[in-house]
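Two complexes are shown next, each including subunit A; its partner changes from subunit B in the first to subunit C in the second.
== the complex of A and B ==
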């Protein structure tokens, strides 16, 4: 008998707190953001489909079981292979921070609080999930797992502290394998190699499309707003049918490609890095675009970076497949929860060079010490290479919007002056 | 009018291109010019000047009989094909120039087809029949390489490698009897057949196609010449080193013309071999070696069965390395006994084969069987050979070969001494595996797919050069790397191929 992750002796009954006022406020935020986006001039014809996926509610006609997960270090292919649909449970709704805070402590990031708030409502996405998988990517996630375990069957995926394959690959592979067993047990299904390979192929298609869309966008950022780009990407892990998503995204790509490269490029191309930006908290994206700059590429785990790398498997033995998943999701991740930030730094520098960006903006989420402390090295390295850098340190609330706008405008002026 | 006759003057004028020294000179020159002169026109001018200078010197020297003999020993059509077809194919940027160049391999392919027809025309009308393909080596190599260059744009890197491997396998294993030079050569092969047994206990000299004009071409890799009817090239480099050891240097000191003649031919062969290694490193192991192509079949079965491979730890890797070195050392030392063998073939009361290493090499067991079926198996040495050493070592090495390929991808290649020698040129030679660490996402795919289980490519973050002595340059890491431009292969400083994530759904 193996030790359980959570001690069942101290399990407590979940307490749902349906706060109708908070719910109305949350819906208002979504509506406002949708209206805000509707003002964009160039939008893909089928953006409505993607918006429907991220806004919800989830379409569960086919009765496909859902697997909720947090972070981009979870090998979602396993869920697809088991016939389930993975749903990223991260939430960006500022109106839900308050209800989350009432139950949890105040000293954690708004992302954890608002995401937890979705567990509290009777009809939220987490309640539809057959199971929840959470990686130990930060302190909030670690403790969130134990709390959430009262609500849904939960699996904690232990991440190694260091992205060192020589030292931790065996551990990471064992964790991924354990997660697969857990999900198969919860769903009462058997994981077959064929299905896993098909799922890997499916997500490879997603990587291909995301890369093509990113390349097409970089040639002409005006053809597709970064906000729409984020909606498209987040739709793919908000529980949409991935085959349908591939179909719709192909249409977007042809539209963006048809627009052709822009010849009059006056807006400042920027690289966005930092904490995850979840629908509907598009405040940083709104600001950047409204101040006259374009995000041409990002290293966000909710942006293009999340689907950029494919799972590459050369051999089809089980151990090779587990290794391929672990290496892609854990050892190639630019998440600051690992000791060295070299992967993220080189990615940022590479993107600056590749997309000829004129500056880097870091979105720092208040109360997230991981991203916050990485700014030390990031700012120094970028300064050394003479790449303009701005740190947007904020939370979900809209109170500091104007203050940020002033700072961003000043930054963009220095960028313009430097060139 | 025969086409081959018509172009004979052109071929004679272009003879200097066959010289291995010119190939090395031009490649090194290009590397140097790349650093100094960014303008392509200057580089072309300099190369043109050097080639014409070399050609004049060559023709001058060739007018002297002794000089002509020396030059002939350093010539091989491989180098002409390298200079004329492979280099432009590698160096020309994609675009109109490259497309225009493609006419050239197409023309050579056509010429090769005419050469086959011409060779058949020389067959007496009453003897016309099926003689496999009669074609001269220069046309054959030119034709095959042209074909590969022409189909390359249609194939992915991995499929192209498979095509090259299959071609080299067919050429090196079946080329000995299927691709003779002309009708008289074919007749000579048939006449030799009854006595040309592959048994190398007693030397029955085989006649590879490329042995004409007292010129020998040894390749890195294992193109075993003990395939029936002689094989296509002279053989592997270990056979060459055994031949060196067999020489009686006492006779050389006395000035025995026969031994000195052999020595000079061998020296020519050594220079040719070193030039090949310098230009291509251990490339031949990954793309050409027929032994690894056969072993790859075992590897394929393991993959189909979904079994994972044995990832060798450092001690096992070193065991293989030193076993290979030890066996090669023993084989070479025993070859030294050749001049001292008595009438019964014994040295100090012990029977020793003429090519001791070849006898225990698995290639000598496998290639004849692959070429002509199980009847051609040379048989196990009896117990009297080397007091049983040869019997035991033959069985043991064959077992290690089969097990290594069946379980450990290309673990065998860590033991193979032929590859070790060309591997020395992986660093400092003209071929370099280069990594742009800023593009690396540490996903470790390069280490995961590496058939030699090399970790250097994954872990190296400070140094651009990730070539290592054991790398077989199969380029699987380059083909599978998901980051565009992270890994690339450089030849003489020029990017030949780089990693690119395929954007096709």
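== the complex of A and C ==
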């Protein structure tokens, strides 16, 4: 199956680099972010469980095989249905950018570099994965697929350039089906329809809980920090047992709902949009909350948006299931790798109205032209509608924290909420 | 009512004392390694200079990069807001300011002000020295000139040579190359000013294209930079005589506004 995509004549031996100093730095970054979060006043009683999932190492009880994947355009239900556990391989650790740079070029986005660095260590998550699935969601991912194919059996899911179902649905469905065949082959298992339906039900339940949590915290953002919200969401795709996750998240919802809506909240409600924010690179989230604002909703593929939409299938035929998965993961994706920005702009404007947000913050990841290019129209459209907009363009490093703080504080002053 | 504004910048700290719209004192000193301590000391010195004590001051506001390093005031505000307040206070009624350029040691900021003088939009340089006062200081050092001589040399030049200002470190290497080719120092100094002015003018056009243009901060004291920027923007720039104190002045006004708000509430 892999040979169809990657010409094995030019396979090269995977490269490994065991840099203990880099590992120590990476662990330090995680520790510091955990300490930072420990200072938050209102945290769910069971947040430790979620932190354990995102920090790792992965709990591989009962030998459940792992399927590594990138981005939010991969139908993970297929992995669940095959008895495997999907694990997002996107990495947010700033200390791993440098080891990634030792192999790849420096002019590649920090997300691709740090994620690739996790392939280089003997006990990194990718080494534990039976296979890796990568969508063609950007140039870096396209080439990363080819590179990591030498490390693990890899499948590249070809995305259409436009979210136009009339033109591309057939192609997208064929890709999802092809991925399912690949995973079934690698795992040596047969995909059964009832297992796929059960997996769809499982992730639908996750969407329900994420929506409930979103509603509860929008009514009272002080009851749950957006950083804890992101940890909870990211725990669900960091390889956690999803049934356990549903149980733990239900407990969080009870706590947040019990806090009730806030009537005295003085902080500025913002919508966060832009590039993915992965644990432990919470710099943008730390800054927003420290400057006195709250993220009440987001369009991030690593935030609430990632789990917001369930897979909707009215019929249970195989073709209907493939179609439903493609509709959810490809045609409803908020990724700027798709041509039309209109759906993403509409979503942001809807969120501003729905959550009575007073401004929009875009997190721009350096060296990611897709998000960067969209800022032009986004800023113009928001300006026309008199919605305050701030662009936080940065990378994983911490050296510009204070400069970003000035920008954000000044932005909040212009919104009228600063002191 | 006496109010104070303390602007703790990356290079210099400025204190302004304001009484009923009149500046009582305006003092400046290098921020040094311990900007918080410098600010406290400078504030005390300024009070002494004006024959006042801390008790005489009704409200203090701190601003600038070190705004949280000194525990002086009742109010902490960003330099963006303080700058806008200072400009609004200083502008002539018949020539309202819509674009403010603030070139500091570490940051360059451009503010777009609306008709009421409120900040409509703003931009700051990315995380590097290119486009800031530090860039010129580094190049002056490389040419073994004092900053004043570096500016004087630039004004003397009659030749235009091309230089980049995308990175301060690379610019230093470029200077080495130019010196090796026996390019006169005055032309290199002029090219450095042109390069930074081109960069700043791009920032200006990105944020605002509406006059009048106001130029503040330490950079506004550099005549060669004022000239180069005016040329690049093809606009007259208004440079107030106390360009470096506008932000501290705005902070003092912010302190006053907050105090007045508090009095009104009572």
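Going forward, the second predicted complex is superposed on the first by the 413 of 419 C-alpha atoms of A that agree within 3 Å, B and C clash if a C-alpha of one lies under 4 Å from a C-alpha of the other, contacts with A are read in each partner's own complex, and residues count from 1 in each chain.
Here is the rule we use: a contact is a pair of C-beta atoms (placed from the backbone, for glycine too) under 8 Å apart; a residue touches a chain by one contact, two chains touch by 3 or more.
What you see is a predicted model, and the numbers here were worked out from it, not measured in a lab.
Clash-free side-by-side placement of subunit B and subunit C is the outcome of superposition onto subunit A.
Set side by side, subunit B and subunit C differ in how many residues of subunit A they touch, and the one touching more is B. In the superposed pair of complexes, A:25 makes contact with neither subunit B nor subunit C. When the shared chain is aligned, subunit C comes close enough to touch A:410, but subunit B does not.
With both structures placed on the common chain, the touch criterion links A:331 to subunit B but leaves subunit C unconnected. Shared-chain residue A:343: touches subunit B; no touch with subunit C. When the two complexes are overlaid on their common chain A, residue A:318 makes contact with subunit B while staying clear of subunit C. Measuring from the middle, so to speak, at the Cα centre of subunit A, the directions to subunit B and subunit C differ by 120 degrees in steps of 10. Look at A:211: by the touch rule set out above, it reaches subunit B but stays clear of subunit C. In the overlay built on the shared chain, the residue A:402 is in contact with subunit C alone; subunit B does not reach it. With both structures placed on the common chain, the touch criterion links A:127 to neither subunit B nor subunit C.
Once both complexes are placed on a shared chain A, the shortest Cα to Cα gap between subunit B and subunit C comes to 27 Å. The interface of subunit A with subunit B does not overlap its interface with subunit C at any residue. Those residues of subunit B that touch subunit A in the complex are listed here as 303, 306-309, 437-445, 447-449, 455, 458-459, 461, 476, 480, 482-483, 501-505.
Partner subunit B is touched in their complex by these residues of subunit A: 163, 165-166, 169, 193, 205, 207-209, 211-212, 246, 250, 309-310, 312, 314-320, 323-324, 327-328, 331-332, 334, 342-343, 346-347, 349-350, 353. Within the complex formed with subunit C, the residues of subunit A that make contact are 393-394, 399-400, 402-403, 406-407, 409-410, 413-414, 418-419. Contact residues of subunit C toward subunit A in the complex are 65, 75-81, 107, 118-120, 122, 124, 126-127.
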